[in-house]
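Shared between the two complexes below is subunit A, which has subunit B as its partner in the first and subunit C in the second.
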Partner chain A sequence: MSPTLLIARDELRLMRRNRVAVIAFVLLVLLTLTAAVTAWSHQQGIADLRQRHQTAADSAFDAQPNRHPHRVVHYGTFIFRPLGPLAAFDPGVDAFTGNSMFLEGHRQNTANFGDVRQSSLLIRFGQLTPAFVLQAVAPLLLIFLGYGAIARERERGTLRPLMLQGASRGQIVAGKLGGLGLVALLAGLPAMLGFVLIAGQPGAQVEPMAVIALGYGVYLALWAVLILLVSALVKRSRDALLALLALWAVLVVLLPRIAPDMAGAAVPLDNRLQTDIAVARDLRTMGGSHNPDDPHFARFKQAVLERYGVGRIEDLPVNYKGLLGMEGERLTSELFNRYAAESYDAQERQNGTVRAIGVLSPAMALRAMSMAAAGTDFAGHRRFLEQAEAYRYDLIQRLNRLQANAVIYADDTAQDPDADRRKRVAADYWQAMPDFTFRQPDGLTLAAAALPSLGVLILWLIAAGGGLLFATRRLGAR
Partner chain B sequence: MRIWMHELRLLLRARLALVALALLGTLSIAAVVAGSAEVDRQRDAIAVIAEPQESDIAAIAAWVDKSKDAGSAAYYSFHPTWDAPSPLAFAAIGMRDVAPFILRVRALGLEAQIYDGDIFNPELALPGRFDFAFLLVFLAPLFVIALFHDLVSGEREAGREPMLCALPGARRLWLRRVALRFAMLFLVLALPFTIAAIHSGAGAGAILLILAAAAAYLLFWIALALLVGRLGWSSVANAATLASCWLVLTLVLPTLAHVTINRAIPVGQGTEIALAQREKVNSAWEIPREETMRRFYATHPEWADSPPLGPEFHYKWYLAFHQVGDESVAGQVRAYRAGLERRDAAARTLGWVLPPVGLQALLTRLAETDLEAQLAYQDRIRDFHRHLREFYYGYLFTDRPFGQEDFARAPRFASP
Partner chain C sequence: MPEPASASIELSGVSLSYGAHRVLDGLALRVDRGMIYALLGGNGAGKSTTLSVLLGFAKPDAGAVRVAGLDPVAKADAARQRIAYLPENVALYEHLTAIENADYLLALSGEPKPREAIVGAFGAAGLQERAWDQQLGGFSKGMRQKVAIAVALLREVPVLLLDEPTSGLDPRATADFNGLLAAVRERGTAVLMVTHDLMSAVDVADRIGFIDAGRIVDEVAAEGAERFDLRALHDRFANDVAAA
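What follows is the complex of A and B.
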């Protein structure tokens, strides 16, 4: 048997004899399994609830009586953001964003009823998911198991005898790394079992799962290398432990909290009051469809009359009020989209700042990678918001078109007691309106979004590996 | 006194202790600065509401003045409300980064407005804020562990313990060392906070209470460290054991409890309120308008002698069915709120067993950034909304014209 294997076996035997280490390892496995099961059932619960609400909202929409189409514009519809299958592994920002939206004409509403405002203060302590366990807890276990790997030998004076017996420095370090690496692999395994559960889900995608598995593998390998590196550099094992604990606290706990504050300060975000008032102001300069003697709409009216070759709107073959509604919606939606895009871009810039700072912390890089691949990052939420807006616009314009084509102008402007009945269109129209379906991005898109952060992780691994090579060459030297 | 100075010199000569204290001091200042910056940003946002709001209302007023229609004024005017941060909010941002602190409402159905959020970046909110509460709850215990894990075992490993224990007054020696380490930690933690709290005008009682809680929290971790130290293990084993305790108490158990609480107390009413209220409001177009008015007058008898509706559209009917819609979901609103309060109460109860949770709950309560404060803000919004409705009712139900000058008479939200 080669010296490397012997040393690895010896290292593992030592860990097995360490009762605290074994208990910690078993606890970690239990914790991961608990996290996998709760996250899984939580995700299922949410998915069911949202599906139920979506069905209720859709059937309420379809069950509307004969109505004037503009009533339906205001009746609107509710949509719920479905969760991708990987949200069970890493729910990302799901709890921090509203997951239901009311879509109606003339307005762009916020996504409401996010978990963060409906849960106790405990939600800010973190969420028990397989991703959290692997990101935060597993490195700590590896630190406990591995801090003394080399420092211990040196402290007890067993390093030189080991080398005298013919083991090269490289073999010693490789053996220790192999032992710790095997533990890291075992620690990551339960979470990957959860992955297998997810893989059986409909809609599970191979590419992001492969990237996630690779990313977490690199992350745990990185910690194993870092631990060995510190253990090789530091004189006493206690110093190694404290240095590693400090490193862990800074990389996993401190930096992820400081970075968002810096990003928030660097890129200010307009609040809703500012945006709403700005939209209203711009709308007034562009013209409001509710204001009949607005210059923009005077021109619009002229253009419509010319297009149909008639002199009065009463002579148009279509209902002018429907056309007016379409034009008004087009204008307001353009504005909404412009301001929303500005806000989204500002948020992307904030996240870019966080990711730039995240180069300093592999835990942050991993988190970004994991959310991006799972489709649960800000980009995923933005996808939902943009699809929701596209759907809203399409639905409202369909209703306006319905008003233009199916409601007669004379009826629409009539005030007599029977006018209300004549203004209404048949209820079958509502069933014919398409329902909202969220299109999940394809696996390659998700995987590609995760690649930059995966690159950061790999760079960390290369740098730490280089450091370990350097430290190995100096091992045992005085 | 000399002996204390001597111990202090001894403590500060240890590189680990010195570095730890310097680092904690830096983080403590940084946390207070970061928290204050966030609170200042929120104060500034509230301070600049007035100007754009006035120009918004002026534009609406100029347009409504032509028709003098109170209904249009009520429909188009959004009125700002805000929740100014308390003097201690900088210490524990709590929910203030995810719940709106500015919300504009109009006199239409409140249940479709009050749950709206403000714009915030969820990826920035996800890891939590870097504030004094975070420093105290999460990081301070790690510093306690760094300074206390080898208090006795370090001397034993250096071979001095038997001698120290044989000295007269050995107990006092250990006490002195514990007291000194505690005092240094507490000082470094508390000083930046206290200065900032006094500067922002917080009450002495609340400041003292937070300082006492911080001291008690540190003492809890010190007691734990001493307890582990008594087992006679090596310094390394002590450090590993204490770090595991930290992990379990601050991360694992709270996250587990979070899952359990949310499972045990389901709160689904939020969405249901929204769905039911919208159904009720829109159904008003399908039923005789008099029926809506009857229901409205039942709860608002003071307007019951308003002239009956004619065949044309009247905004008093529009506002009435919005109000009837709100009233129809009052039961669900109460249930929703009760659910949120039960979740919160469960977490607070847990705080008696889990010191990190208890401390976080206490800090956010004193800083008025917890759920209770959020609900109190919602109550103020509800109050304001009632005044707003009554103001517009006064014009609509008596058919009084609403001119440009009437816009200035609208009720204004008053922060407590």
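What follows is the complex of A and C.
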């Protein structure tokens, strides 16, 4: 057996004989298994719940009686964001962003009912997911198991005798790294078992799963290298432990915590109330279709009359009120979209700041990679909002068009007792309206979105590996 | 005319400084096969640095060093394959039993031995049988040293370097240890022993060198049945230590 394998075997033997290390490892495995099972169960529960709510909302919409299309515009409908299978591994921002929306005419509502608003405060500290265990807890275990790998040999005077037995510096470090790396691999296995469950689900995509598995592998390997590096650089085991705990606290806790605050301070974002007030102000200045003196709608009316070659709206072959509704919805949607774009832009700049800070923290890079591949990051949330708005706009304009084509203008403006009956259109129309279907991007797109963060992780690994090579050359020197 | 013994350890004109402090200053010594050489000197005389140079952990500024015919700095790994080293405080693995320690260290050196050979060496080193399968946590210094010397015996290397080997040992353990060294010498191993223990050196060494300020200032070879003039050596050593 080569010296490298002998040293790795002895490192594992030392850990095996350390009762605290064994208990800590078993606890981590149990924690990861628990996280995998509970996250899976939680995700299934959420998926079922959202599916039931979506079915109920669709049924309620379809069950509307014969009525005026504009009443349907205001009746609106609820939509729910379905979660992909990988959300069980990393739910990302889903617990914090809303996952349902009420769609109606004239308004662009925001997503509501994020889990953190409906659950105990504890959820704000992070859900127990396999991703959280691997990102935060597994490195801590590796630190406790490996901090003394080299420092202990130096401290107890066994390093030089080890080298005198013929083991080269490189073999010693490679052996220690092999031992700790195997533990890291074993620590990551239970989480990967969750992947096996996910892989069997409909909609599971191979590419993002491969990127996630690779990313977490690189992350745990990076911690193993960092632990060996610190252990090789300091003289005493205690110093190595303190240095590594400080490093963990900064990289895994502090930077991820302060980065969003820094981004928020660098790029202020209006809150919902401020945005609502600004939108209301702009809506007032936009004018109204009911105002005969409004210049925009006066021009619109003239353009419609010219297009149909008639002199009065009563002579139009279509219901002018339906056309007016379409134009009004177009204008308000443009306004809403402008505010949404400004908000997205600000949030993208905030995320850019967080990503820039994230270069300093492999934990942040891993989190970004994991969420991007799972489709549970901000981009995934934005996809839902944009698809929801596109669906809302299409639905409302279909209803406005229905009013224009299926309700006669004279009936629409009539006030006689039978007018209400004549304004109604058949319920078949609502049932024929398309339902909302959230389209997840394909696997390659999700995997590609995760690659920049994976690149940061790989750069960290290369840098730490370079540092370890340097420390290895100095091993045993006076 | 008898053939001259080949030198297993040879230093000639070796100088080494740490910053402005010159630790070795033209050091020259030679230890032949089957010879025990005791290097005596006061604190800071250069004894431990001499061992570091022979082990390849310190690179001389000038001079030539050969261990079993190899330059220990340029050919560190190969030279270390030919050296057994016992530091003053024998460092072994406390989570391993005595046998596991020996098994691990011998496997690392590329010379694995069966359990029978290991317990045989333990017996020769005087390690009691009940200690063989115990972890080293509760071992005394003497017991650890016996494990280490057993490993050195099993490795059958041409060079054995000892750093204060009898420091902290009781007289009985010291006598046992010296007996082991004599056995090692019989196998043709070159032994360099750095020590403060003049009595032990007199008891077992074939040649005693006095090192002061990084150079050998006096060298005495054992002669006749008396081997050494103990009083003269004592005076000489006391003067050196006092000067240091």
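Everything that follows uses one rule, which is that the second predicted complex is superposed on the first by the 463 of 478 C-alpha atoms of A that agree within 3 Å, B and C clash if a C-alpha of one lies under 4 Å from a C-alpha of the other, contacts with A are read in each partner's own complex, and residues count from 1 in each chain.
One rule holds in what follows: a contact is a pair of C-beta atoms (placed from the backbone, for glycine too) under 8 Å apart; a residue touches a chain by one contact, two chains touch by 3 or more.
Owing to the predicted nature of the structure, the values given are computational and were not obtained by experimental measurement.
Contact with subunit B, but none with subunit C, is seen for A:L241 once the two complexes are overlaid on the shared chain. In the overlay built on the shared chain, the residue A:A265 is in contact with subunit B alone; subunit C does not reach it.
Touch criterion met: A:L6 reaches subunit C, while subunit B stays clear of it. Subunit A has more of its residues touched by B than by the other of subunit B and subunit C.
Residue contacts after overlaying the shared chain place A:S343 against subunit B, while subunit C stays out of touching range. When the shared chain is aligned, subunit C comes close enough to touch A:R17, but subunit B does not. With both structures placed on the common chain, the touch criterion links A:F96 to subunit B but leaves subunit C unconnected.
Once the two complexes are laid over each other on the shared chain, residue contacts for A:H106 go to neither subunit B nor subunit C. When the two complexes are overlaid on their common chain A, residue A:M163 makes contact with subunit C while staying clear of subunit B.
Using the contact criterion defined above for the overlaid structures, shared-chain residue A:L273 touches subunit B, although it does not reach subunit C.
Common to the subunit B-facing and subunit C-facing surfaces of subunit A is no residue whatsoever. Within the complex formed with subunit A, the subunit C residues making contact are 18, 52, 55, 57-58, 77, 80-81, 83-85, 87, 89, 91-96, 104-105, 107-110. Considering their complex, residues 16, 27, 30, 34, 37-38, 41, 45, 49, 52-53, 55-56, 59, 63, 78, 80, 94-95, 98-100, 102, 104, 112, 115-130, 134, 138-139, 142, 145-146, 150, 235-237, 239-241, 243-244, 247, 250-252, 254-259, 261-263, 267-268, 270-271, 274-275, 278-279, 282, 285-286, 311-312, 340, 343-344, 346-348, 350, 356-357, 360-361, 364, 370-371, 374 of subunit B touch subunit A. Here subunit A touches subunit C in the complex through residues 1, 3, 6-7, 10, 13-14, 17-18, 156-158, 160-168, 476-478, going by the rule given at the top.
Of all the residues in subunit A, the ones that touch subunit B in their complex are 20, 24, 31, 34, 38, 42, 49, 53, 56-57, 60, 65, 67, 71, 74-76, 78, 80, 92-93, 96-98, 100, 102, 109-128, 132, 136-137, 140, 144, 147-148, 237-238, 241-242, 245-246, 249, 253-254, 256-261, 263-265, 268-278, 280-281, 284, 291, 343, 347, 350-351, 354, 371, 377-378, 381, 415-417.
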